[in-house]
Every structure is written in structure tokens, then in C-alpha cells.
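Have a look at the structure below, then the notes.
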Amino acid sequence: MATAAIVGTSGYTGQETLDRVLAHPGLELYALGSDTLAGQSADSLDPRLGRNGWRRIPRFITNDAALSCGADVVFLCLDHEKAAPIAPPTRGVVVDLSGAHRFRDSHVYESWYGFEHPASASLSSWSYGLPEVVPPTERLVANPGCYATAALLALAPIRDLIEHDAVFVDAMSGMTGAGRSPKSTSHAGAVLENVVPYDVGTHRHAPEIASVLGFPVAFVPHLLPVRRGLIATCYVRSRGVDLRAALAEHYADSHVVAVLAPGLVPELARVQHTDGAEVGVFEDRSTGGTIVICALDNLGKGAAGQAVQNVNLLFGFEETMGLRLSGVLV
Amino acid sequence: MATAAIVGTSGYTGQETLDRVLAHPGLELYALGSDTLAGQSADSLDPRLGRNGWRRIPRFITNDAALSCGADVVFLCLDHEKAAPIAPPTRGVVVDLSGAHRFRDSHVYESWYGFEHPASASLSSWSYGLPEVVPPTERLVANPGCYATAALLALAPIRDLIEHDAVFVDAMSGMTGAGRSPKSTSHAGAVLENVVPYDVGTHRHAPEIASVLGFPVAFVPHLLPVRRGLIATCYVRSRGVDLRAALAEHYADSHVVAVLAPGLVPELARVQHTDGAEVGVFEDRSTGGTIVICALDNLGKGAAGQAVQNVNLLFGFEETMGLRLSGVLV
Amino acid sequence: MATAAIVGTSGYTGQETLDRVLAHPGLELYALGSDTLAGQSADSLDPRLGRNGWRRIPRFITNDAALSCGADVVFLCLDHEKAAPIAPPTRGVVVDLSGAHRFRDSHVYESWYGFEHPASASLSSWSYGLPEVVPPTERLVANPGCYATAALLALAPIRDLIEHDAVFVDAMSGMTGAGRSPKSTSHAGAVLENVVPYDVGTHRHAPEIASVLGFPVAFVPHLLPVRRGLIATCYVRSRGVDLRAALAEHYADSHVVAVLAPGLVPELARVQHTDGAEVGVFEDRSTGGTIVICALDNLGKGAAGQAVQNVNLLFGFEETMGLRLSGVLV
Amino acid sequence: MATAAIVGTSGYTGQETLDRVLAHPGLELYALGSDTLAGQSADSLDPRLGRNGWRRIPRFITNDAALSCGADVVFLCLDHEKAAPIAPPTRGVVVDLSGAHRFRDSHVYESWYGFEHPASASLSSWSYGLPEVVPPTERLVANPGCYATAALLALAPIRDLIEHDAVFVDAMSGMTGAGRSPKSTSHAGAVLENVVPYDVGTHRHAPEIASVLGFPVAFVPHLLPVRRGLIATCYVRSRGVDLRAALAEHYADSHVVAVLAPGLVPELARVQHTDGAEVGVFEDRSTGGTIVICALDNLGKGAAGQAVQNVNLLFGFEETMGLRLSGVLV
């Protein structure tokens, strides 16, 4: 058993990480950090945490206290700018679910994130952790962005098999991808019966995708009137290889990512509330190009599920331990 | 281990029952019945059933074959009129998730369901099974309706403590409550950004609620633009007793039904995809009446979860075995 | 032509009032007030206001400036607490869309609104204006609440024909009813696939309904995952009169409120984006009670449409001038 | 005044066309055709059509009768395969809202629509009518598809200014785009909290777009959990010209299509229930490509609104007469 602390529990990714930790047979919940809830009992976040039948759950402490509590693994579930200056504990695993440590080149932060990274010297201590593509190599892990995860699950296995000058990624996410802080753009009155493209051509996940692929892609995200789930529709041109076969082979042994049979389309409903992903491959009749579509849950494989999967790899647990992967809910 | 067969697997309640059976440590999936899918592999219903990592799942057979396969428990997931004439196996547990065996008085079928019951003599062999209120007593179990479950969880424990001449139940359900067959009223174009009351004052769950309570209530259901989840808002007048205390005491030991702390309202988001229920109790400032609200998932506690809970009771398993009750998903 | 000013244009009710004023052949838009947008052009609120083809629309000025600009009619579209202390202009019509002037008894504000009314002596200068039930009689008009409008359209015409000790109003509203300011409860992540009862038994529209009916009713509102629209489902007991006939007669000549033919249920889809309302009347088979359902658009007949209707009555315009009442949009 | 007949009134596009005809000062509703409603009064389609205040609306007749009633303009609102064999009246304007007459090359029907066109010789009598791009030239008008309209409003004005070998159109539509007939894919239980790509790389609107542009594009449509509205996100590479300037100039005088100011994104909420469209232009930072986004209402500018706009052009009415273009509804 490894002990786990969560820093920033009250946000969406923090709560989902808590959900996974509570269900994980190899992790013991050790500390719940939240500056806004510090001192309160766990059910102040969600009444389900106060119900009988649950294991004892600790009260909230401050984020600083949770960070330095000596847990074997710390999940950082903060905003980019709050996570960037944090000095990680000198031992143990740390998984940062924000974007604050995804780039070794600190200029990306100025250029795409809009702030100067306050601890740029330390960026090289962190390793990006996308298990199916770039498994984590350091005890400090930068957990991928949700859109980047979907795009990279679709594209990374075939990056050497496609033309690099015409890759377009169009993606859509549920509203929990926008964070829990109320904003005019996340007000239900602005979201329901609406679809809103945003950060068109300027979203932070574009350089993250490019960084792993090794070449730039065009990327446009949209916000959907759904609570959770994300889909990335990618257009590529093959250099002559059968891209479906390449993807199917890459994921043949995965219990997390499934390449769908020909004709089946990925859809949110089958991946929501799970830590898995679906990939579909299609030929475009008009241009001869190929369309690769990946669906996942932005809070599952796109955040908390992947964080736990990274932890499993680093601790030598079974890769899918504690993940939400089973079931055929309607 | 008990063997389980599902009759009518391809509907919403059938698929959800399959989900619970697959996760149940005491049940072994023995037969999947579906007249439309007979002969096909399980993943013809949902591609998730074909993924690696799953236990071997049998191919679909006809409903008749599944009914008579000799399983220890048969889940009947058919429409009322298809379930009514079925001759149950002579041994083993049968749980009927339809309304075809909820009433001993066959006149209710003519009067409220619109058909003459073809096996009225056998109705007395069935027992209604609502574990927290009326646990099943026979091997043939009539699983309660989704609205009836919510209304009865709110009202049955206090039925002797309230005035009987002014009980009003206003309820709303997600669209999976309307069944999987496409109809003009279930077309998304008619459902999105809409709310539709239906069967106003004439819904079949009204006599079901009355049958357990022992007195009639007014009942109005509405269809919501949500996939799943159901909420019943009930107005009652106390005969002088503290209704909150009575409900809290009734559910004190339940791991399925939670009475919320004062001020907290039940909401769909916390019960969706689970087999649990939330109950809230409120005073009406204007009239001095009491409002009891119950939220549950129409496919969980309102259908498949309750069916499995009934099976657990009859087989002497732990009451919550195989149920979806944990987690704090956003 | 009468000149019109809008105070608080940037909220939902302000924007909808602007929509109606722009379409009104008898009103000339004279001033747009908004403290947050003062100095900016109209299209800073919505780019549609900057398109060619529109009449010239003035720039935003402060709310104080709009209030005192000398317009023939001022629409007050502010929060309760901001509207309460306002000294109305000494001439012209003022319609307050907030609840700040709906009660002559100032104690209601302390008791139900949570603040001491700062101008209680002036409350008697205002008249409640619900055209079909209580047409406005003064130049200062308190526009009814959205829930109160629906409940009163259903109940006021039959208030003397029903028992007064068992009236229950269960209502549901789209999210624009919760105002435009971002809150955790209006975050789309908390609204989508959810339904939330709120202010259960304590909502401010309960005393408003009671004030017009002359007796208290139990009232529970719920927030729906829809952008706009509101439905009130009311349970009553007749004193022996045919309530459908009474309602049909009351609205026989109305172009705003339609009593539906037997069997037809009111639904949001047909009243959204309109200033009309639908009323349906049903018998409850179980109890012999009657269910009266009213659907309207919370921003239309429940706010801006009714405000303009009140203005039409006071200025002697045709009652429906400038209202959105036609069309059969899907 | 011209007389108008609608064939196939009971579908979504038929009902929306009826909505526009009723509001059109230059059109007189002459005949309502519907084989399923023939003989019934207009309010059998929608109770709003029976309300007082409306102009007298005729009873439904058969589609054949409506087609041959001698109206000055006939709107064909049928499925592709039902519209294809129809022999149009020998005089008057006919607007076919289906895809049955959009191609002069009958092979497209075999190849993309899956049926052999039964009247291929007559295809040359029809002209495609997209007013801003290809105004209709014949009395027989093929009204464009909804996706094709959005893609072509974004791309046609710049077709000679962009590279032709890398154009990708990713689009999403509300559920009314899928037609009114109930199907498993349009069941709300399969649509809510979901997004489904469909006809990936094989959709019929791809050859329609290509036919107008003169070169093929990759096209992927998705079904959204919204009732109405459509957005097309197009990725192109400029040949060196400022594409925003070109689009802005092209639509400078349009009252139907608005090019948004830099930084503003098109969204469904502002075009729903209207016959207008919004276009936004963005640079992709990563690749230097350009993203052009067009939003419109699939039933408005994407169907009925455009049909009426085409009729206005052919009859010499003001182009926007009877269209829904004004208002700033929330």
C-alpha cells in the first residue's frame, strides 16, 4: 500500500482523483488538501463522502500541508499558475494534472500560457506521462492535457506514417473541461443549446500535441452542452501505409484504449465515467485522406484516470488497478 | 455462485441488468436472451462487451431459450404485455422488471394498463419486492416501477404519520425511462430544451404507489431532457410527528438510501449511474406542510439495481453485493 | 410613439426587454443603461446589435443616467436589492421587473427576501401588473415573478372555485431564470444532466402567489437543464365546478394565454422564445383532484413580454403590440 | 401576393417553411400537403396553428393535391427518394428542400445517395440556389443542404484564394437535422450527453460542397445534443491573400450573413431560430493556416429560411422578406 495526498481536491480533477484513490486497492488516502475547505470534513465537498459504508476519510487540510505530509504520491490538482511555483517534495511520486510542467522549454509558458514560468530550471526534472505513447520516466510526472491525450492517442502511433504538413485536429469537450470556477462562459444559460469554439488556433494543447508528435498541427477546440466527455476528430494523409492496421497493432494489448471495428464510430456515451478511450479509423471518400477519431472522458483518461495509470506504472502496480474500465451502462 | 439469465437484454433495463450481473461476485452470467439479437455475439449489443479484459460472455439466444435454460435466477426485462403471459420456470428465482406482476388484483391491468391480464390466476404467486419497504417473500418477484420506487421510498415509512387526503407526487424522469424503442415522443428533437408532462393523472405507477401506501395519491410524471435519473417531489401533511426523524430512523442502517442533512437537496447528479437513492425533507413555510424529495437513477435503484438487490436478499448474499454504490464522480 | 429607457440592460431580463422594444412599433429606444457597459456601443452586449439593417441603437450610459433621461417608459431590470432603493422618475411609466415592489407589506421583504426594504413608504404607489388577472392600475408597475405568473395564470381564475387548504404548485424553470451572474449553482457542469430543487418551501414567489390568490399554497421550484422556459404543475380540488370550463371561459378572448384542448399537455417547446402561455387541465383518476399545468417562457411572459404587455395596457396600445406571439417553429 | 403550397408539411423542414410562409407579407398560404395528415385541420400538426389571432389556415390535403393545386410557388419538403420521381408543375416556382435535384450528374445519386435517380433527364432543368454564392437561375430550385450551406458560406467566396489539396470541414448539427422520423440514433436516450460522428468521410454533402467549390474537401459531420443549429469549422491554407478581408468584402452588404469582428467566435445561440449566419476567421498559430467557422440554424438558413430567400429572389421581393433575422433573444 502506498499513501496518497491530493492537493486542490475541490476542483473537478481533484474530486475525480479522490474518486479513483478511494477505489484503488493499492492506495491509502492520507491527506485531502484544499485551501477553501481546510478544517472541514470530507462531506463538505460532496455529501456522498459522509455516508455509511465508506472507509474513514480524513478532514480537509491546507494544500501546503497536504503537499508536505510525506505521502508516497501527491496528486497536484491546481491551476497552471498555482502549480508552477510549487516546490515538490524531495521524495515520492508527484503527478501534476495541470499544464505547469508539461514542457521543458519554458518559453512555451510565456508564449502560449501567458505567464513567465517561476521555476523554469526545474522543468527538466519532470517527465511527461502518457502511458500508451510516452510512459513516465521520472518520479515527477506531468499528466497530459485532456485534448492532447485524445489527439495523441489518435496520432502518435502513426506519426511517422503520415504527411506532416496537413494534420487538422478538431475537438469538442464537455463543460467539466472548463474547470469548476464559475465564469460567464460556463454559465448554463450560455452553454445549453449552444456550441462554442474557443481559443481557435491558439489553445495551449496545440504545442503539447506538437511537442510529442514532433511537428505542428492545426487545432480547434469547442465547448459542448454535455457535462463530461471529449472527442477529437483528426484529419491526416497516409504516406501509403494502412493506418488502421498500425493503430490496431499499437493498441492490441491495451485494456485502456480500444480500436473499434470498421464502421463503428467512437461516441461519448460509451466512455463517459470511465478511464478508457475509443479510437475509430475512417477513409475520406472525397480526398483519400484518413480520419482518426478518439473519444474519452475528459476527467477520466483525460485527467484523473490517466494520473492514476501513471502512478500504477511508477509503483509497479497492475496498469489498470483502481481505474474505471468495466461496465456497459446505458 | 448462482447462474443468471437475462430475458430481453437489448432494452435499457436489460442492458443495465447485464452490467450489474457482470460486476456481481455471486452471479455467473449463463444466458443472454434477445429475440432480435439471437445468434449474434454479445458485442452486437454494445462494443464494450467485446473488449479484452472481460470475462467470456455468451452469444445471444432467443428469449424463450434464455427463460428455460435452467438458470438459478432469471431477469425478465420485457414490456408489460410481453411479460404478462410468460409461464415462469418451475424452480429458481424470477425477477420481472416490468409491471406485469405488480398487482394481485387483475382488474388493475384492464383499468390502468389497458389490457386483460392473460395469466391472472398466477398473480398471487408473485411478491412485490421493494427491499427497504416491502422485501420480497416469494421466489417470483415483481420489481417496482421507477416512479413508484421513488415515491414509496419517500412516503412508505411515514404512511401512518401523514394525512391521507392530500398527498401529491410530482415526478420527473430522464429519457431512458421511456424505453429504447424509438417513438415521436422520445425523438431528441422533441425532448431537448423541453419538458413534457405525460399521462397526467392517469399513469400506471399511481395505483402501484397506492397499493403499497394503502390510500390513493395524486401523481404527475414529466419527461426531462436528461438521459437518466428521476426525482419525485412529494407534498404531505404531518399528523404531528417529526417526519424527518421518522425517515432518518427508517434509513439509519441503509447503505442504499441516504436521508440528507437539513438544507441539502437531492439532485440527479449524485445518484446517476448508481443504485442508491437520496431523500430530503423540508418544511413548507407557507402551509406548514412537509415536502419529501427522493432522487434515484431510473435504471439503477429504479430498475436493474433494485432487481439485483432483491436477488441478493433471496439468495442470502450481502444486500449490496454487485451494486453500484460507491464513488464521488463529478 | 413613446420613448423607452432600459435600466440594467446587460442582464437576461434587460436583454430580452431590449429585444421587445426594438420590435415594438409604438416604442422608440431612447436610452440603454448599464453600469458595467456604460460608454460602450450596443454591440458590446451582443454582436447582433451591430449588424447592418438595424435601426440606430444608442450607446450604453449609466443606469442612473438612463433612469433620469426623461423617457416615457423606464424598464427596471435590476436585482431586487438594487431596485428597492431607487426613486422612480416623477412622471412616466416605470415597470420594475424585479421583486422589489410587488408587495405593499414591507414585512415580506424582511421575512422572505432577507433585506429590510429601504423605501417601504413608497410601496403603496406601485401596482402589481398581471394583465390577465390583475391589470396594472398605476403608472408604477411591479411586474410579476416568472413562477408567480405561471402559477397565477393557472390558479387565479379559479381561486374561488377550489378548496384553499390543499393547493400544491410544483414548478421547473430553465437556467436563464437564475440570472446572468455566474454562480456555482449555474455552472453548466452542475446543471447538465441534472435537476435541482431549490429554496424548497421557502421561495419568494410563494408569498407573491398567496398575495394574489388570498390564501397560501405550497410551492417547490426546480432548476432544469434547459436554457429557457418554465412549467408549473398545480394540484387543486374543485368545490364542484368544472374547472376546465372556468379557465377556458376566462381566457376565451386572450391572444396571450391558450387553454389547450383536452388531452393536450403544455410543453416548453411551444412557448419558448414567445410571450404567450399554455394552460392544460386534467383530472386525477386516483384522487378526483384536478391538475392545472401552465407553461411559459420565463424571459417572455415570465418577464420582458409581460413588462411590454403592461406598458401596452397603460399607453392604450393594442395589448399584444411588439410581443412575440406568432410562429410555429419546431 | 403569390400563392404558396407546401408538400410534406409534417416534417421538420415542412413545419419551418410553414412558419416562414405565414409570416411572409408577399406569400399567401394556399395549400398544406401531408399524406399522413390529409383531411385534418392545421392544428393537428401543432396546436399553435389553431389559436385565435391567426389568419385562416387551410386543412391538410394530400401531397399530390398540394403539388398540383396551381400555387405560384411549391415548397417540396420530402425525403430525397420521395422527391426524386416527382414531376414538377409546368408553371410556377418549385423549391426542393431535399437533395434530389442538387446534382446535374445523376451518377452522384448512385454513388453517394444509394439510389438510381428516376428522373435523371430532368436534372438539368433545376438550378442550385445558394443566394450569397450561386443565386438560383431557373424556376426549379434545388435548395442546398444544411452542412453544404455552412461550408460554402465559409469557403466559396475564397475558393480561388486557398490551396485546394488540404481543406478539411468538421461540422456539428442539432438533432432536427436528422429528420423527424423516430430512429434509434435519434432517440433522446442515445443523444443526450453524447456526441456522435456519422457518415464519416461518406456524407452526401461532401460532393455537394465539392460541386460548388470545384475541388474535393474532407468532411466529417457530428450529431450534437442540441435541438437546432449547426456549426462548420473549416481548415484552409491561404495562397497569400488576407482571407478575412476577402470574406468581409464578400458579405459587406449582406443582411443574412455577418462576418464577425476579430476575436469573436460564431456560436449557435445567436443564430438559432433565425435565417441568418455568422462567419468567423482565425489564424492558426501552429501551422499558419486559417480557420473559417460558420454557424447557422439548420432549419433556418440551412433549410426553410434559404428556401424563402430563393423565392424572394425569383419573385423580385426584397431578399429578406419574411425571414427571421431580427432580435437579440438570450
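Labels for the chains are A, B, C and D, by order of writing; each one numbers its residues from 1.
Assume contacts are C-beta pairs under 8 Å (C-beta built on N, C-alpha and C of every residue); 3 or more make two chains touch, one makes a residue touch a chain.
This one's a predicted model, so the numbers in the text were calculated from it and none came from an experiment.
Listing every chain that touches chain A and chain D alike gives B, C. The greatest centre-to-centre distance from chain B, using averaged C-alpha positions, is reached by D. Mean C-alpha positions place chain A and chain B at a centre distance of 35 Å. As a whole-number value, the distance joining the C-alpha centres of chain B and chain D reads 43 Å. Multi-chain contact residues of chain D (touching two or more other chains) are listed as 12, 176, 189-190, 192-194, 225-228, 269, 330. Residues 12, 174-176, 178, 180, 182-184, 186-194, 225-227 of chain D are the ones touching chain B in the complex. The part of chain D that touches chain C in the complex is made up of residues 12, 15-16, 18-19, 22-23, 45-49, 51-54, 176, 192-193, 227-228, 253, 255, 258, 260-261, 264, 269-270, 273, 278, 299, 320, 325-330. Those residues of chain A that touch chain D in the shared complex are 165-166, 168, 170, 172, 189-190, 193-198, 200-202, 206-207, 210, 216-220, 222, 224-229, 231, 233, 235, 265-269, 272, 280, 282-287, 289, 291, 293, 330.
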